[in-house]
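What follows is chain A paired twice: with chain B in the first complex and chain C in the second.
The block that comes next holds the complex of A and B.
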């Protein structure tokens, strides 16, 4: 019969497999972005100039710190520091929420500048098609990412409750580890989105 | 009086719709995909009858477009992709590796609900008017000009795609972690290897389809020009994204079928399979190489000649592992003690029809020929030989082979053999003329055609009656046997494999005594004959 001990890793392997599929989900968008960036480089250059690098940088710092928090929470739980673990998860959730708030401010600014393709897009200049393409891909990439951040926050709230009640075993807090893995993935995706959308075309 | 098993354990509706037992979920899938098959087959029947006349007999051109789109969408995503993995895979994977259930039983149930949700969504969309873009949704027609329910179709397929991904995830983790301690990778049945290879494709390719569907929905909804050349977009980008999924998807459809054949042939030749490791590695090779050949659907799309060249060479390469399997199955038969049972007949039909389909794939991969036969009935014949001649034969063969294990009943063997003969003959009459039609220039998806081609269409349509009987018969006698068939012994075929060591049908926890893993898989001894 299947060895009960072997079932230890199933949750983690399951999350890794899921993350592999998530990566392939993003692949298409990144590919579209890279191809169009090559096709209409000038337009993408102009589009990137509308990006709020300050907000993006703060958001990057926020996400990286939140990843540190969640992995520290995992370590704290494993060394029986339950209160510390709980607070660290709360910190992760808090930072993630701030990320979303800053992102919404960015979006609001773009809408105010009439840069929302399909709904309210006004731009004067000959690169209008390319810039529209840039913004479509920008909204899709950051929007889908933000939805995943939101989903991660909801999961982390659930995990926080479990940590509070000390429901996990200390040598194998599977739910916590698996949620942490997911959060790291969301963070890494942002680490790729940020330079690609905000930084490289400003040079 | 049959012993308590997973079927008799609880008769309430709640115990079925909230089950986490992989065996019950397999039955739920069986019923759902059969419904999908009937819908898709009806559309095909209407299409073939319509084509009896060169001016079209039954429907308007617009309805015709919606019919072939319905046929493609339902058959690909709601029948072929889930069939063997979600019915036979769900039922057999834990049993074959000596486990109690899959790694994530609740996720398994969720997969079924996503599948059913997608199916209901898509069927509703089809009823309220349907979509007319073809199952391939080429842009900018689908995103800009089509006057049909493209977004709803994309949503329905997206939902069913989630089911695929979760299924693949479940199988991968299960096969890695839940094997019997004595069952090393190279003692696994080849069916498991094929499910594993299929699951790799499921988790890596399906998300790309998800993104592609999302993009066409967004383009259609907001009017932005991701794929629309008039707005600065690139229609070829859609084709690349779509086929990057859809080519591996055809390997999702055929690999499990090959796995079934690898189980049936050794049993009814009473010989261990020839070249076990070669078949195992070929499965994984097909999965990996399958990701490199998508451009062979786009030879005449305007992509560069160098891309054409590379994709052609790679398409030839991907045929090699499939051919290795065909050679190995044949070698297994050689000097074996052959029993011509229904599953064996289905397997032989598979080998014959799949080989024709596969060889014509090489014909299509040849650039100079493809220029002439791309988008003609030659392509249609090619993939129907593989999908219907191959995959459906394997599915039915597998259903017959494991029917005693699943239901505890014996199906009527004579009717089984009649069904195979009907399927084989009906199939050949229906689809062989389509190679000629394609060669003579009959394009795909045309509701009317040049009168000189009518004779071939008439022959093709005449075959569907026999083919239909070949499908209807198992539907009738298998369902009949479920209630009235004679009870089966635990291992009626004297087959190897841990699933046969479980009681027939299995109890909820699958095994009553710990199964014994033999030193080698397929430890058949030639002199032992099985009585049917």
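The block that comes next holds the complex of A and C.
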């Protein structure tokens, strides 16, 4: 029994350590963004004016709803509502996919507006280098986040299959719990990306 | 295994998160000048606190809470140190 508890603890601590390492990596990007924002504030203000606030707001609501779905799936599994748990994970996967679709439409719009540094960047006006830096950081931060969402979706597909087969015991659905931790972390990262990139420099 | 919280608790947290999202967007329409960043990040911190405490269950497991709290303070320290260093190098970039 102790071994089972130890294993469970190890799995969870392993995920927390992984999330801490992810935090180290992402904080560097946030720091770079804040430093450049301070140095070339006017350019970041202009860059932020190209953001689609409506799409960003919808995407934030989608991720928050998907977090509710995944934590409810965990609750449902522990209370032996297996079918409900499965459908809630499917809903999470569906919402994650919608998030990526909306994000790709946003990227397509920026590419169409010639705002893709390194490939096709055309901007008439002052502060062109600062605006370019805004978009470099924008693609880096949102792109890395989108890759995390994609990885989360693949993990959740695997978890959905496990839940469908009732592979976990109701006492210890640790795969579901650990995948949930990862998904909530991805949600938290977006909670910071959204106001920084889309909102703070609008006015 | 007994779930950590009730479904009702999760739903209340979700509603709080959506209200905070609406507040974030509303505040961005008000000209707050240099306070805009502080306000937006404060709301984001509150949102992440709700997610960490309830959705990630650090509220029911104090050990995780301590680890996360310690890590958050550590990173905040690194963050502030680096930022204050740049603050003293005006026009560094």
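What we mean here is this: the second predicted complex is superposed on the first by the 198 of 203 C-alpha atoms of A that agree within 3 Å, B and C clash if a C-alpha of one lies under 4 Å from a C-alpha of the other, contacts with A are read in each partner's own complex, and residues count from 1 in each chain.
The rule we apply is simple: contacts are C-beta pairs under 8 Å (C-beta built on N, C-alpha and C of every residue); 3 or more make two chains touch, one makes a residue touch a chain.
Only a predicted model underlies this, so the values are computations on that prediction, with no experimental measurement involved.
When both complexes are overlaid on chain A, the residue A:64 reaches chain C alone and has no touch with chain B. Contacts of A:27 after superposition on the shared chain: both chain B and chain C are touched. Once the two complexes are laid over each other on the shared chain, residue contacts for A:154 go to neither chain B nor chain C. Ranked by how many residues of chain A each touches, chain B and chain C are led by C. In the superposed model, A:111 makes contact with neither chain B nor chain C.
Of the two partner chains placed by the overlay, only chain B lies in contact with A:14; chain C stays clear of it.
Contacts of A:101 after superposition on the shared chain: neither chain B nor chain C is touched.
Of the two partner chains, chain C is the only one that A:184 touches; chain B does not reach it. Residue contacts after overlaying the shared chain place A:35 against chain B and chain C alike.
In the superposition on the C-alpha atoms of chain A, the part of chain A touched by chain B in one complex and by chain C in the other spans residues 20, 24, 27, 31, 35-36, 39-40. Residues of chain B touching chain A in their complex: 97-100, 103-104, 165, 168-169, 172-173, 176-181, 203-208, 210-212, 214-215, 218, 221-226, 231-234, 237, 241, 244, 511, 514.
Looking at the complex, you find that chain A touches chain C at residues 12, 16, 20, 23-24, 27, 31, 34-36, 38-40, 53, 57, 60-61, 64-65, 67-68, 71-72, 74-75, 78-79, 170-173, 180-181, 184-185, 187-188, 191-192, 194-196, 198-203. The touching residues of chain C, counted against chain A in their complex, run 1-3, 5-7, 10-11, 13-14, 17-18, 21, 24-25, 28-32, 36-37, 40-41, 43-44, 47-48, 51-52, 54-56, 64, 67-68, 71, 75, 78-79, 82-83, 86, 91-93. Of all residues in chain A, only 1-3, 6-7, 9-10, 13-14, 17-18, 20-22, 24-29, 31-32, 35-36, 39-40, 117-119, 129-130, 132-133, 136, 140 touch chain B in the complex they form.
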